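For reference, the structures are reproduced in the following blocks.
Each of the next two complexes has subunit A plus one more chain, namely subunit B in the first and subunit C in the second.
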Partner chain A sequence: MFMKSNNEFKNLEPMFKPKSVAIIGASRDPDKVGNIIMQNYINGGYSGDLYLVNKNADEINGMKSYKSILDVKKGVDLAVVAIPAKFVPQAIEECGKAKVKSIVVVSGGFAEVGEVELQNKMVEIADKYKIPLLGPNCLGVMDPRSRIDTLFLPTYKLSRASVGSVSFVAQSGAVGSTILDLISGEGFGLSKFISYGNAAQVDEVDILNYLMHDKETKVIVMYIEGIKRGKEFVELAKKITKIKPVVVLKAGRTEAGASAAKSHTASLAGSYKTHEAIFRQFGFTIASDLSELLYYAKIFASEPMPKGPNIAIITDGGGTGVLTADAIGSSKSMKLGTFSDDISKKLRKIMPVLVNIRNPLDLAGDADSKRYSDAITLLKDDESIDIIVVIALFQTPGADSRLAAELIRIKQLISKPMIVISIGSQYTEMHKIMMESGGLPVYDSPASAIESLSALYDYHRYLKH
Partner chain B sequence: MFMKSNNEFKNLEPMFKPKSVAIIGASRDPDKVGNIIMQNYINGGYSGDLYLVNKNADEINGMKSYKSILDVKKGVDLAVVAIPAKFVPQAIEECGKAKVKSIVVVSGGFAEVGEVELQNKMVEIADKYKIPLLGPNCLGVMDPRSRIDTLFLPTYKLSRASVGSVSFVAQSGAVGSTILDLISGEGFGLSKFISYGNAAQVDEVDILNYLMHDKETKVIVMYIEGIKRGKEFVELAKKITKIKPVVVLKAGRTEAGASAAKSHTASLAGSYKTHEAIFRQFGFTIASDLSELLYYAKIFASEPMPKGPNIAIITDGGGTGVLTADAIGSSKSMKLGTFSDDISKKLRKIMPVLVNIRNPLDLAGDADSKRYSDAITLLKDDESIDIIVVIALFQTPGADSRLAAELIRIKQLISKPMIVISIGSQYTEMHKIMMESGGLPVYDSPASAIESLSALYDYHRYLKH
Partner chain C sequence: MQLDYFKAKKILDEYGIKSIESSYINSLKEAKDFCGKDRIVLKAISDKAIHKSKAGLVMLDVNQDSIESSYKELLKRAEKVKPYKIIAQKMSDKGIEIILGGRTDQQFGRFILLGLGGIYVEAFKDFALRLCPIDKFDANEMIDQLRSKNVITYKGKSTEMLITLLMKISKLLLEHEEVKELDLNPVIITENGYEIVDIRMIV
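== the complex of A and B ==
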């Protein structure tokens, strides 16, 4: 049904780091997609050359507009195409003649609505000129470093993420946009965002190939509905997780979902079990829901590999310590560690008499930054402890921004994974933002924290085996 | 080890609806617990009579202060005790002589630190005078209707919840305070909050007994570490879920957690499996994490019972529809429904040609409030559909506050459960608050939404069996 290009020319670098961008379909009409994309470039701080192309305009909002990309007569690294589907093949032909280096087609109206011929024609032209083409029917790409942003969603609706090390790949525009929006509230930030829609030419294999070698990308997170080039994917899968962690959420886990996915992107979801087996074999981290994607991205973005599964819990709330111990007990990989005798004795000496020296270490509701600091400073050198989980409940009398600052300070002195669990509303949220800005990942429930640590440790074991 | 009182006088009404409150240990020192409690009463809008008691003061911040509760010489419905442990028995004796109707001891320093004798002595005195006593070592009670608030945590640290129908019972102060803080951001609001600490006299059985008959409480949510009166608890469990839903998070699910719980509240956690069997047998909804407690509270607070398991998904994002179908496929109880032929035909007539008439119903990214409204209006009368899940992604071009308003409007016309899934940051959060204020529960992931609906349906089946 679909023609599939297999050429080797698909270098995506000009899509993410273009020195010049042309918006084909730029518009002064605020209801048009081309207008929003244009506005996002103008307001987003992109510092390369920007060319507007609109066959009906010489000028748009005071900026020069070209009738065709052929009129630009300067090198264009990336052309963003946002015009009705039927005009797209002609535009691609012109891009080819103009020696454009990469193309993102955000327009819909192709295979997803039965216009397979039109889509194939478009790909044929791009292939002829050896231009990598992303889309159609996609949100395109975002890179906070180069300020590339082809999204046709205004920033008030979808907050843009800050610069970071996680790259996010999404077949679905809706899933991609919600995740991208959520990332804006997280401390880890974004390296690259790619929504690839119909995957008419550039597909998940091309994208992963690029991200595998991208130095700005430390973690790859992906939402996929189907995999088109199974054999190539497996070849890639063997290599990629040896280089960096890949977190995957695959739709169609169940019959109901698979059937819905088929209708959505017209791609065969394939047997989920087959896919899952491949993911497991090659050390992918498998998420089963959107929220898990974020949890896992967070831990991989910030934490070093744990040497073992033994967790120390340090808390200012006894009950929350118990629930975290339960989360560890429910996990297949993690263990509640036992403090060494030596460290226990040292803790006994400096902790108030009412603090029981055992794991979880309940510092009590009046614990202040010093008590936390004293405990963590000792436990960071305890060889029987591999990971430190700090529960900081900012509702308690002793917890304030001094505690958050102290935890950020200690984090820099510690070589083991160290994460924080803080649960609450405004006052807590404020301190969460503070700690995450300081490089300390914060989780909002014991379960999400421990599941994330477990994913990190499982990946470590995969690399070691 | 613990003396346990079994008297029948433990009516908790004066704790939640007192006409007069005395704060024993009121203080002008901002670092003292008694000061924070006093400030919370003064600023919180409590309209009954407030008496301050401090053996060293005649006046505190311009208000009259009594040396002893015996000097008040007016009826006191609730005495909040916040003085050092060793002085508590004497204060309880004086409360007895002053015919105080109920006591909350927030002070710590009793059984939880080995002072079992002191605790027993205190209970003995309360029993002698037949006064219900909550605590010690607890946060006490909150009731947003009567503005009772014995919490010694300032409102900037712990946001207070608005008036609602969910009552929350927590043995642990830390867990209680975080949940209470989180509830402040939810639409369902609070009926009663009770943190009962050491449960020296009033325990979970007394509290559930009270809440079972409390007309302001529609849903009971509880966090417990141990159950002290097993036989009475089972008797109560048989009755309570026939009257209202009870959501329970029991600590000590695992060996690690049980051991930690034992150290925390010195109460035997008992075998979790035994407790779980009782909860299941009597239709309790079992949560395994703090976040689940909130999800379940939300669904029970707002939704009617579903007649069956068949869910219709209406979405403006295809991928999110697929993930929701997957969540349904993963659930033991729920089913992705099939639209009836009649309704399918009607949908075909009014939906744009590109909208595929099947479940999930993908209205496409340009769906506006009218398209949603048209679809829901038809599906609400489809007898093969029992539950409507609306996915409203506010990043999409068509979704705005007009859509939120329209969903709130339709919610009032529909007798089936109807919930919303919206995922995102600021713009989404704003619409979430809007919809929840309008009585429409909003979930932030497909998994949490479907698990909650499943809990609702399972409870419905329990009531029917």
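== the complex of A and C ==
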């Protein structure tokens, strides 16, 4: 029997790479959502065709405005809908007739406030014309490559991230915009941002399906509250992590305790736990808060897979070296490696007498970029070491911009994962930005660094099994 | 509805999952005959009492000397959960109590559960969950995920046995769609094997 898949038409490509965009609800009133979206397109450098649609205007800020999308009479790849909810179904109908290829409804006032029928009506129309529809009640999409930005948040309030390889999916607009703002301060950039709100038609399965095949996306990071289609999600989950890493933060971790009326298994296996089990089983990386989400995104974006769990620590501060060794000791997966005899001998020859040749390798407080460079150059070829963790404390006399530059240089020559721990305020922060722009991930605590490496290694183990 | 204990036991048998020698008891004489020279456990089973130990419906370590008083006391306690059945089981060896279970999730399907069992289930909530079917890697990861891993595997000695057991249960859960929920709690893990002491199957 031939059955048409429900998802067949939900191709999200025109949403991210549209050659033409129509803003339905464009406005000259700076307080209106439609105005902010319009400004983002005009000021954001979008190079495709832009059409403004407003039933009450012929002209907005000097640009031509159409009464209806039907008047545009040219192909529109993406329609952004920002008008009151009750007018949305009519607008979708017109989009259908105008053969629009994709729709983002940012307007609220649907199922989230009990207007389920209105929402269903809207979806029915989009389905009829086989148009993918994102939202309603969402921030929509952003793609710094194509300069698509349907977010109704002004750029002075929310910094836009640079171009990169991490795509971020968020059901919630609030969490989405927070993360987006935080990402802009990180060295890795953004590939796609998707806030999908009520998930009336396009849901997390469709979005992940798209990102799974998207060549610009290397890492997927998602915040979800619930999964709509469990069985389809599981089928997708089995495939997606084989192709690229997915970091997930699921809301609703705490639940009311076990009820005496249920069996043990039923009360233990509550909703968060079943979701968590699915994520674990199919190789997702589970974050427990927003900062973990960013740590994990950072490591997956830049680092290769480690061959094993053995870490070498190279430090200019003895204490921080010990703290990092402690973090390794309390990690389930990672191990403090032992330098091979051959490399130890070579290290002994070139290191000053006061440097003890053991792991953590304490280069002493006067270590300069040359001493770091010598140590890393030897350890990168040590077969018994899988990962290099460099602690660079910029408060010490020998550490300055030359060290940051040298670490960036050496990172290019090394095929093992290599990360930096730098703890400090402004001077350190400056070097952190420098190193991260150079493709070297920097962590601000031993715990976050080791947890991130552990996530990387666990993913590697999952892929290998 | 809870499946009859011996019907449930039979389903476990199909998969080579062995549970402890048990029998329904209808009289003191039957109890004495089952007991012989061993130490046994007497339990009252009722739909009205899910957690038998908490309700005082389990008499442990009964022998020929204590059987009469234990049996009579159990009948008295079971009055409040009528209708009930009395079941006698051989006393298991000493070991670590774990829980093995399964449940049906509306959204995703069949889940299998492994955790530290007996009275520790609720106290520690140390358990791992996976969607069925599971493979060897998954089973191993479930064990590895537990904080009590070294305790329940006797520092790894019982790992292989547990993996085999988990995979058998996963198979059972997938092939017996009528079983909506399964609780094997406790399962006693000894250095040489396991003994399933209690079975609860919801159909």
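Simple rule for what comes next: the second predicted complex is superposed on the first by the 443 of 465 C-alpha atoms of A that agree within 3 Å, B and C clash if a C-alpha of one lies under 4 Å from a C-alpha of the other, contacts with A are read in each partner's own complex, and residues count from 1 in each chain.
Note that a residue touches a chain if its C-beta (ideal position, glycine included) is under 8 Å from a C-beta of that chain, and two chains touch if they have at least 3 such contacts.
Here the structure is a predicted model, which is why all the values come from computation and not from measurement.
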Touched partner set for A:I423, first subunit B, second subunit C, both or neither: first
Partner chain(s) touched by A:G252 [first = subunit B, second = subunit C, both, neither]: first
Contacts of A:V175 with subunit B and subunit C, given as first, second, both or neither: first
Subunit B versus subunit C as contact partner of A:K273, first or second or both or neither: second
Subunit B versus subunit C as contact partner of A:G329, first or second or both or neither: first
First (subunit B), second (subunit C), both or neither touched by A:G230: second
Residue contacts on subunit A - larger count, subunit B or subunit C: B
Overlap of subunit C and subunit B interfaces on subunit A (superposed complexes): 260-261, 263-265
Residues of subunit B that touch subunit A when the two form their complex: 113, 152-153, 156-159, 170-178, 181-182, 184-185, 223, 225, 249, 251-257, 259-261, 263-265, 288-291, 315-323, 325-330, 336, 354, 356, 358, 360, 362, 365, 393-397, 423-428, 444-448
Interface residues, subunit C side, partner subunit A - complex: 50-51, 99, 101-103, 105-109, 111, 113, 115, 121-122, 125, 127-131, 134, 137-138, 141, 144-145, 181-183, 185, 200, 202
For the subunit A and subunit C complex, residues of the former touching the latter: 227, 230-231, 233-234, 258, 260-261, 263-266, 268-269, 273-274, 276-278, 280-281, 332, 465
